[in-house]
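Letters A, B, C and D mark the chains as written, and numbering starts fresh at 1 in each.
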């Protein structure tokens, strides 16, 4: 069941980094949504390796094809299949990988679980799998926008110890896309880019934090108890490769405040709506959206693949060393932004349909 | 679907803080497990309000009754129903609550979602709902222990800025239970208790971090992609009341390291097993357990209910003020420990059964 | 997962025939539905053994108690727990059952699966488990009625070879309840009653067919492909004890017609609605309701428990004989009527909520 | 959620009869199974239109491609994606279909549900969707065979009123494939072929019954209560296009027997195994397999598409007439055989993995 996510808006991804290709089935998308391969491609291009000088240099076109579910430019309500062919790749690049487990990769655990794996480039554990998620997220974002004007915007908040200042009320997709590191704080962004380039030259890697804000969320989304909105969001982003932490609203820092300091007092706004003065809850109370901005953060560890030599073992149980070859991706954060966007949109879209019904929302 | 959790080991909780009672159905527990109401009661007593001078003084017996699924002291493989009756409570304590939304509680969002709620003491959003989880967790812990010697131990790691030092390799349940704050670092524990008492006297509240270690985890648990072990663990603990953040292994701090510093190098141990030198991965790589200790942390915000006066609004949309009456729970952390224990055990037990099969494990 | 049914309107049953009791959790019921224990009891009384001279004489009060989810007479939107206590029963009645497998009962398969069972009166495989379903069905029927005026009416169509004539367009609950065999065709009903009484005196049992009609079904319920409405209905009723067959619309007899004879031609009715002249489709086309009456039939085998002696084996693998003691239930059909009602209502209610949304329907 | 089936062995189909193509994702297949596109193609060819003179003459190559999940000839344990491209088809064949609802097709209900459909050749409701099921079924059958020697064999039992005699203990795939109508009773098969040809010449269609036997089923598969094996099998086959009824073991005819006649007496066989003398239960008791052959039957109505003129209405609500053009499929039964095979295998494989665990079975 590991490859399916969501209930009413449900996606299933497939594919390994090597082999025929990767893709996604989206089941439960409401009928009548105008969608084109170009709109999906826009998000895929944000995820694509080789898109800028600070990401992995592998050039992958990652051109998507809609195989089903769309007719005369509109969704049918039936499953939308999206497929991205893999390029023919030289398997010999990976010869060593068949034998040596890469530290902090999934090679060893896949072998432990399945007794067997596609050792070429990470197989199913490759970040290439997220192509399907990002494609599905593009559609979820459009549903959210058309049904309820909901806007999902993720961006790089911090790289290592360089943290940007971002106004969650006003930040736009254009701000995010205004630089290649996807941090809307331009000054810090430049420092981040410099740090990533230097790290890459050293054959090393760095991590950081992606923040995501969702605006115009209808009140009442999310379920009490286990399917709380923050629980589903937590699962969604913790399923992304390299994520090590999740927080909502005040998060870990909120534990340093007292209740009196932390509580979000209520007031009535100029439209007679019940609002909160502060938003330490991050837009969710008791698992249910309260209409304030949803704000969450995801910690991504430094990429495991580096060019520095490290100790490891072979499949047969002998100790050895390994160093990544060729160029590598010194920082996954800029490419993680559309992934976070996608996962957050998928969760909200699923809860939206539970609340408003499956077919009648558009 | 919000009240059901898990797939092969699946629980469904029910009940509000006021009304007949609360409980849980556990479906999929392997047959033949010896279990008694006393073993479950042990965990419930750890969760119980009024258990010590630093928790909420409400005295609730919370005596559990096994209604089905156990025969001659052993599980049948059929659903285990556990029920805890509510005490008759004086509804008048809560009169104000029917009208005024408590800041950072779920009152307002429940009304937004359902148009209606049981306003007595939090209703379904009350922490009383977790009785069912803790009862189910007691059984999951026993299954884990009997099948694979797996041990789950949660404890208080930090209260506000007071952080304990705990050795994850050796900490025991006895260490956790050696003081009322459930922090195995005795010296810090005393300071924590003092801080909680002072905070309670002030009518205020504080939060902190619960850490959980799982030892002897079989390799190979967890699914690639969406049902990664850390994703399911994240969802599990983020569904607990008052949780605001989750991290696994190196977590948010890990983002400050480089890949070279962060990667867990492999070696072969004295038994010929593949092991990692460090454990920044927190026992999970690529979503699958690698046999090292699983280590995770959960941030709990300061309890929302305080005795200090705060601004709020009424159901009818008028601004007003509210202050909690009587005594309150100044810090939920000691009681959150068995809840984290339970949720972690439920996730692992579910993945264990997927891996080893449903009926043949005992 | 075997004890949970449904997605948005989801029930979980628990309990064995002996032990604390049996019950159900209903999760996902829309908030604001007025419901009382009396309304649920009405359906439970239709299911109750000993309700008339032609059913099993065991007198069970089966009084239900609502433990949660209802506040001031209305559903909260949170899980509704309903519990029915078991009577203290004399275990010695069943002494032989601990050793000998009753032919065509679940004793042997439970032992094969679980290695262990509650041998008292059938345990979890007892028809007593259906109490939870019937209680939940009572609520589902009320939701269907209030949201869309949907009416679900099951009745006995055939007992052995005695078949009643029933007009599916006009039959009412009163017609069904007008006699103890629950066949609206009064003349045949008398013959059925006579046959059942004679069979009971012989220590034997008989089966038959329950038919169910659903009127006023909104168009558009059901999903293409796997969750077709007829597939979900088929699963629902095939999960009832003693059911051996299911058919929708023309069913097995429809296979004797040609396509020209079988197809339902369309016309426009006086309200401009698209309708079908005939209804061999049984109200569902391509898995989706078309607004015509849903008509289905369920085959129930003769009850396995009889007083005649039959060959069997012991748990230890020795051949022996067994004859039921005391009085038995010669025909389950009259009591199966509310069970079919319930399962059909549960399926429709689930699909209704998927279509219209979870919280806003009432 | 309508396009996903199964829990541990889970499939998701996609695609319309016109558009890019159709296919399936199989998630949860155990790792290490040798599988080739040729083995899958064998089953697809049995399903293919135009395979013989008695099926629809549309010539579709239906060549399958494995896009992921198989590496060096073996399953990886990760999702297996199988894709079959659609041929370019002349949309003009279907011009009338955009306007006129075909009687007893899903055209009208799709429009009622989605407000919109791909009117070309049935879109998602086309039997072409079953390609994905049959491909997945080929893999499920191989898993069943390798893990436990389980054999699934479906065949045509009856066409209209022509019923074959088949020995469920000995019938083989070769027997089924020995004639184009797939009825192992050769004499009756010839009469069936003649009847189908005559019916086709008349522009009419006929239906019938497919029977399926499963041999060597391990004891203990299936869950009590809702996920009874017969309930899951019922849902599985009732989700096939044109199915109108399902029965297990004695089925509807069993309702004409008394309990004394119907009960399956137990005995101990020469290997000391507990067996039943008769098999009116159809291999399942209390929802759980008892080791006897599973025997079930599915009723398929006569195909809706015929060349005779019938009354219908247009999308805009005007009454009109419609007659199918070109040649049509006078009897779906021979092609339904591999579909039933597939659905039955999928259910058993899912329950097998629940029982024995997901990864360790091969």
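Throughout what follows, a contact is a pair of C-beta atoms (placed from the backbone, for glycine too) under 8 Å apart; a residue touches a chain by one contact, two chains touch by 3 or more.
Since the model is a prediction, treat every value here as computed from it, not as a measurement.
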B-C compared against C-D, more contacting pairs: C-D
Farthest chain relative to chain B (centres taken as mean CA coordinates): D
Geometric centre distance via CA averages, chain D-chain C, whole Å: 27
Centroid distance [mean C-alpha coordinates] between chain C and chain B, Å: 38
Per-residue overlap in chain D, given as positions that touch at least 2 other chains: 1-4, 7-8, 13, 78, 113, 124, 220, 224, 355, 359
Topology of the chain contact graph, where touching chains are joined (line, ring, star, complete, other): complete
Contacting residues of chain D [partner chain A, same complex]: 1-4, 7-8, 10, 12-16, 19-23, 25, 27-28, 31-32, 65-71, 74, 76-81, 83, 113-118, 123-124, 359
Residues of chain A that touch chain B when the two form their complex: 1-5, 7, 13, 101, 103-106, 108-110, 112-113, 124-125, 129, 158, 160-161, 199, 204-209, 219-220, 222-228, 230-236, 238-239, 241, 243-252, 254-268, 272, 274, 276-277, 280-282, 284-291, 299-306, 308, 310-313, 317-319, 355
Chain C contact footprint on chain A (complex, rising order): 7-8, 78, 220, 224, 353-360
